[in-house]
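Chain nomenclature is as follows: A, B, C and D, assigned in order of appearance, with residue numbering initiated at 1 for each chain independently.
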Amino acid sequence: MGILVAATVLVVAVFFYIADFLAVAPPVLAASTQNGASTLTLQTVPAYGHAPEPDWVTYLGLDSNGHWHHTTIYQLPAHTLVHVTLYQFDSASGLRNPFLAQVRGTAGGIASVDGKSFSVLNGDDASHTFTVPDLGLSVPLKGVPAGAKNPCSAAPCALSFDHTTIRFSFVTPGPGVYRWQCFVPCAAQFFYGFGGPMQTIGWMSGELKVV
Amino acid sequence: MSASAAPGIVPEPEDSRLAAANLVVGARLFASAMAFVFMAFVFAYFYLKAVDSNGLWRPSHVTPPQGYGIAILVCILGATAAFELARRGLAAGAGSVAMLALALGLSVAAVVLQLIAYLGGMSFGADGGGYASVFYGWTAMFLAFWLGAVYSVETMLATAMRSAREAAAADEAVEALQPSADATMVYLYSCAGIAVLTWVLLYLIK
Amino acid sequence: MSTTESPPPTAITKAPRFREQLIGFHLLWGVVLAALGYFVCHWLGTKIGNHIKGQTATDQDDIAVLLGFLGATLGWLIGLGFFNYPLSRMMGRPASLIEGEEYGVWRYFRLCTDHKVVAVQYFVAVLFFFGVGGLNAMLIRGELTSDNATFIQAGNYLTLVSLHGTMMLMMMSAGVLGPLGNYLVPLMIGARRMAFPRVESLTLWLTVLAGFMLISAIFLGGFPTGWTGYAPLSVEARAGMDAYLFSFALIGISLCLVGLNIIATVMTMRAPGLYWNRIPVFVWGMVTTSVLAVLAAPVLFAALYMAALDRTVETTFFLASNGGSPFLWYNLFWFFGHPEVYILALPGFGIVLEILPVFARKPLWGYRVAVAGMFGVALLSFMVWQHHLFVSGINANLRPFYMFTTELISIPTGIIFLIGMGTLWRARIRFTVPMLFCLAFFFNFLIGGLSGVYLSDVPSNVTTHGSYFVMAHFHYTIMGGLVFATIGGFYYWLPKITGFKLNETLGKIHFWMMFIFFNLTFFPLFAAGLLGMPRRVSSYNPSLHGLNVFVSISAWCLGLSLLVFLANIVWTQLLLREPAGPNPWLSKSLEWQLPSPVPSYNFERIPVINSAPYSYGIPDAPPVADFGTPARLPGGPAITPEGGVL
Amino acid sequence: MSAVGAMTDGAGPDVRHGRRILIIWAVANVIFVPIVIWVLGPHIPPYDASQQSTDQHNVNVVLSALATPVLLMIWVYFGYSITVFRQRGPEVVDGPPIEGDPRIQVTWLAATTVIVIALAVYGTVGLLPSSAAGAGGGQGPNPLSKPPNAASALQVQVIGQQWLWTFRWPGYGGVQTPYLVLPVNRWIAFHVTSLDVSHSFWAYELGVKADAIPGNDNVAFVRPTQLRSFQIRCAELCGLWHGHMNTTGQIVSQSAFDTWIAQARVRYQGVTQQLPPYSHVYYPAPDQRAG
């Protein structure tokens, strides 16, 4: 009798278990491709502002209809030049390893911030990075200067809020799944700044699905 | 899924000394387990002290509240001694309520003093380096174990008071207490030993 | 803490009606009060956390979560009635040892002091959590059919691996001590109860709570550390880590108390005539395991407590930048962790050596050496823990020492093989299902043990450390060893526990499936490790893809074999219910001389033991025990075989 | 093994079982030990890209050759027993009541003790400075097993962080690189450390594994002997991308290495200025709760 009850509970519990795991994958956002080049438009916000984690810092992606999606899994075509535009609404918190202030792996080895191109940033000015270690691609993102008058507090952030705009281009490799992440310890209130959003796909870590 | 007793079978009763023997063995085993808990803290103390990571084992401003340390130690040793006297009184067939009450009072005083020290007597916080971590972790853990001692002493006192009131003969009252007294004594001595070690490592040695 | 008198075990009276049962202390109220306790204390913890704002390690309000767990534990224990007795003792009322034994079927859902009831509760609980852990493994293998995280995200994969590891370690530590230890130790030593019946029940209900608390980690964001919980990764993790810390600590307490209870029982409650050299070898297995549990679990408890302090009040035990050291966690954890590995091996030795003589129809070959071997394993296991840290950079100069002590363990382990070989020599072997599992134990444990030699050798360890080689090694020793032995033990003793036969044919199908697919699952993983696949990864070198797909398919078949086991239990124990009779295996051991199932008082009179229970083939051997004569004359009792009180 | 043969003495007149088992075991050894050494042996990792991995490969072959007779002994014995000593049919018959034989037990204990001591000595020799310099394992800040003239070894700092390996070259102006390129036939001293949680630096083909622990300088020596690439992985669970913390290293000639490092110094000039001064351990801010 007891075993029968236990077996029933087991089946139910495991069902919820599996459901819980499979339900949490963020959606895949495909970059729009025209004339042999892709465009990927992203933004970073200091606090998501909504459930389940309103305090967490996060990336968002823009689809071809102009809607922002809360995801970090982006689909790109293989062997294609990708133009990335990044609207950066967070303030600087500094790199743990200043080496990542170097721009690497982009077209020309440079990126631009608010129209000015650069190849090395001051590590303390970095708010986030967009880094794909397997591709050798890494771009530090300059933070909004301290004391901004009009900070954004909830995603998605309109361009009327204080922000910096970072642009760079890179060429995708052959098909595969490449993880990317941010290297700035920007998870507020987590030890080393590296818990929570930094360790959760859909926030500050994600995948590039090259097809 | 044991079956019901067959009707008519009355199992032979158990010897009452068995439970007493169990208690003493159990108390000794529990004391050894407790010793290993604090062995972990002793290891942490000496290991972190030896490593002195980032030079932050014990910054100069980190000094323990010496007054509280002595007072707590005295309360614990006093409670243990009082309980020992009560136990000897029991063995001699005398009343023990007064000594048990003293032991209870002193053991509660140790708890109260430690709490006051936490709330107002500390010159450093838990984040003050290796020593501060060991200090807070160790003393709080000891406090939890000491609450077990308080419970035991209280139980003894309550049993002594009730049996003095209800028992027909003094012998019966003593018989009800003796085995628990032995087991509690084992536990109190172990706690007292750890309290001395606590004081030596955390308060005495610089 | 204190009891003085013990009334005689009473016969079961008529159980109260269902409606009367609802009011009282049992599982239902345990669940309700646990939930209530969680929310009240979580609210309180939030207040405290706000009060010392800026002193929380993460934004996951760890203080509130941990206090919530504490509240849940208190509520659970209050609801189950564990505080009634201490409170009545604090009021000075007299001691008692019996509780809840008169409640019929309801005994199984409340605090009950009958050791046989607790053992059955343990059996169900362990089976349940073993099932959950096993299904986790199935999901893990599902994910590993691809060389990159696809079907489960990388972070969730780590949570899955951590849950599997922690759940299995937690539940298998209790997997033999709980069900078989609690059931058999009193029966084998001729006692009516365990030394501390209420503590026995407490350990069970703590284990059940700990299992569910661990599962609750997925609702708190999971935890990424595996069962080893390495700091400082554990310090920066989300609140799921608190579930790991708290539930593992509860298991630590439970394990320590189980061990304490078993040792005290064996020391004081042996029947007259049961001298130390007549104690069944299974009981020795339980005693040596208990020694490890009593001494190692407290260190785990202390380490988990330190990690919890690091996460809540910002102590810095494990933070190198602030005067702590990650090595502190490694040392404390493995000081527990290595004895824990033998907590997962010694019960297996005990079961196998107990069952082997029955089906070989021979006395146990070298009884004293077997016991010495078990104690040797137990003692040595406290001296080897740094072999988990050979490449960590701590005490590199001590590596030869730990290499030596580690390899020394193969001497007492080798003894177990010698005993097995000696017992089989010119035996009359019957291939029953329990015997098959025992023989498979030797096959698997041999491979596990020999692969351990590679790991203990420092130059070889440099490659194999932290790889799938380690993972295959400990699955061979724990799953191939302990789990095979335990399942063999269940096939052997379940007819005694329930009184109903298990099906032999289904049992043999189960055995062969499990044996074949176990080896097909884990042997290739030695190769995966040597070829460079680290543990706990959801993406690996594509060249290992074929190997992993093969392993996954084998693993699912291994999972199916356990469904056969479950089906066998459900069919024969719940539906068919064919009486097994008192002694279906013709064993000479004491527990088989009693009716199946065993009556609640075990022995009408405490028996007088005549010999060790292995006198097979000895022509005029006396019966193992004398049940007829009164063990004790009124007023002239003998408590221990030596005739004195300890 | 004599233990098996002697067992018959206590067992009674039937001595042929022991002899048969011994013969089967001997034959099996003659067949399988050479197979393990010469057929399987060359395929046992981690091959021969460096002096250390060659040593580990040899150790693995030796251990396999030693394990085979033990494995065969138990298998042959159990296989023989369950075939020959099997009770067929339903009846239950008791076997001979043999309760043990001290001579066999002592022999067994002596044999296992000798094997264990031999293994321990063999393993310790594998760590000696002259031969293997710690066999590629991490030895902490003050290594005892050092190669000859360790001071002239090429110093490489391996920095683990969540989730990236970077490499710092104190002999080349403290430049930091995201790739690892090493000269062939030269002693390398890896100084492994971490900026956050624990990692483990595993250069698989080189036979190097050293845990990266915050606040600790873990030294491991290696001497590459082949021009080839090698895999670098993380072997200690370190969070989300633990399984992706991979990169590929290269072993090149000394001149190619000199060219590469010179180019790297120029390329990372700008960022090198920002790096903290070279140190064996780092405690970078924010070391506590960021926010």
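The rule is short, and it goes like this: a contact is a pair of C-beta atoms (placed from the backbone, for glycine too) under 8 Å apart; a residue touches a chain by one contact, two chains touch by 3 or more.
All figures in this text were calculated on a predicted structure; none of them were measured in a lab.
Enquirer: Report which of B-C and A-C is connected by more C-beta pairs in contact.
Expert: B-C
Enquirer: In whole angstrom, how far does the Cα centroid of subunit B sit from the Cα centroid of subunit C?
Expert: Computed from C-alpha means, the inter-chain centre distance equals 29 Å.
Enquirer: In whole angstrom, how far does the Cα centroid of subunit A sit from the Cα centroid of subunit C?
Expert: Distance between chain centres: 43 Å.
Enquirer: In angstrom, rounded to a whole number, how far apart do the mean CA points of subunit A and subunit B lie?
Expert: 54
Enquirer: At what distance in angstrom does the C-alpha mean of subunit D lie from that of subunit B?
Expert: 47
Enquirer: Give me the residue numbers in subunit D that touch at least two other chains, ranges are fine.
Expert: Touching at least two other chains: 196-197, 215, 239-241, 244, 283, 287-289.
Enquirer: Specify, in ascending order, the residues of subunit B that touch 2 or more different other chains.
Expert: 53-54, 127
Enquirer: Among all residues of subunit A, which ones touch two or more of the remaining chains?
Expert: 179, 188-192, 194, 199-201
Enquirer: Of all possible chain pairs, which ones touch?
Expert: Touching chain pairs, listed by label, are A-C, A-D, B-C, B-D, C-D.
Enquirer: Of all residues in subunit B, which touch subunit D in the complex?
Expert: Subunit B reaches subunit D through residues 53-54, 127.
Enquirer: Quick check on the complex: what are the subunit D residues that touch subunit C?
Expert: Contacts found on subunit D: 3-4, 7, 11-12, 14, 17, 44-46, 52-53, 55-56, 59-60, 63, 67, 70-71, 74-75, 77-78, 81-82, 85-87, 92-101, 104-105, 108-109, 112-113, 116, 119-120, 122-124, 126-127, 132, 134-141, 143-145, 192, 196-198, 200, 202, 204, 207-211, 213-220, 231, 233-244, 281, 283, 287-289.
Enquirer: Spell out the part of subunit C that touches subunit B in their complex, as residue ranges.
Expert: Contacts found on subunit C: 1-9, 11-12, 86, 89-95, 97, 114, 116-117, 120, 192, 195-196, 256, 259-261, 263-265, 267-269, 294-299, 301-303, 305-306, 309-310, 313-317, 320-325, 327-328, 331-332, 335, 497-499, 595, 597-601, 603-606, 630-632, 637, 639, 645-646.
Enquirer: Can you tell me which positions in subunit C touch subunit A when the two form their complex?
Expert: 56-60, 105, 108, 120-121, 124-125, 127-128, 131-132, 135, 139, 148-156, 160, 215, 218-219, 221, 224, 232, 235-238, 319, 566, 569-570, 573-574
Enquirer: List the residues on subunit A that touch subunit D in their complex, please.
Expert: 93-94, 96-99, 101-102, 104, 119-120, 122-123, 131, 133-134, 136, 179, 181, 183, 185-194, 198-201, 205
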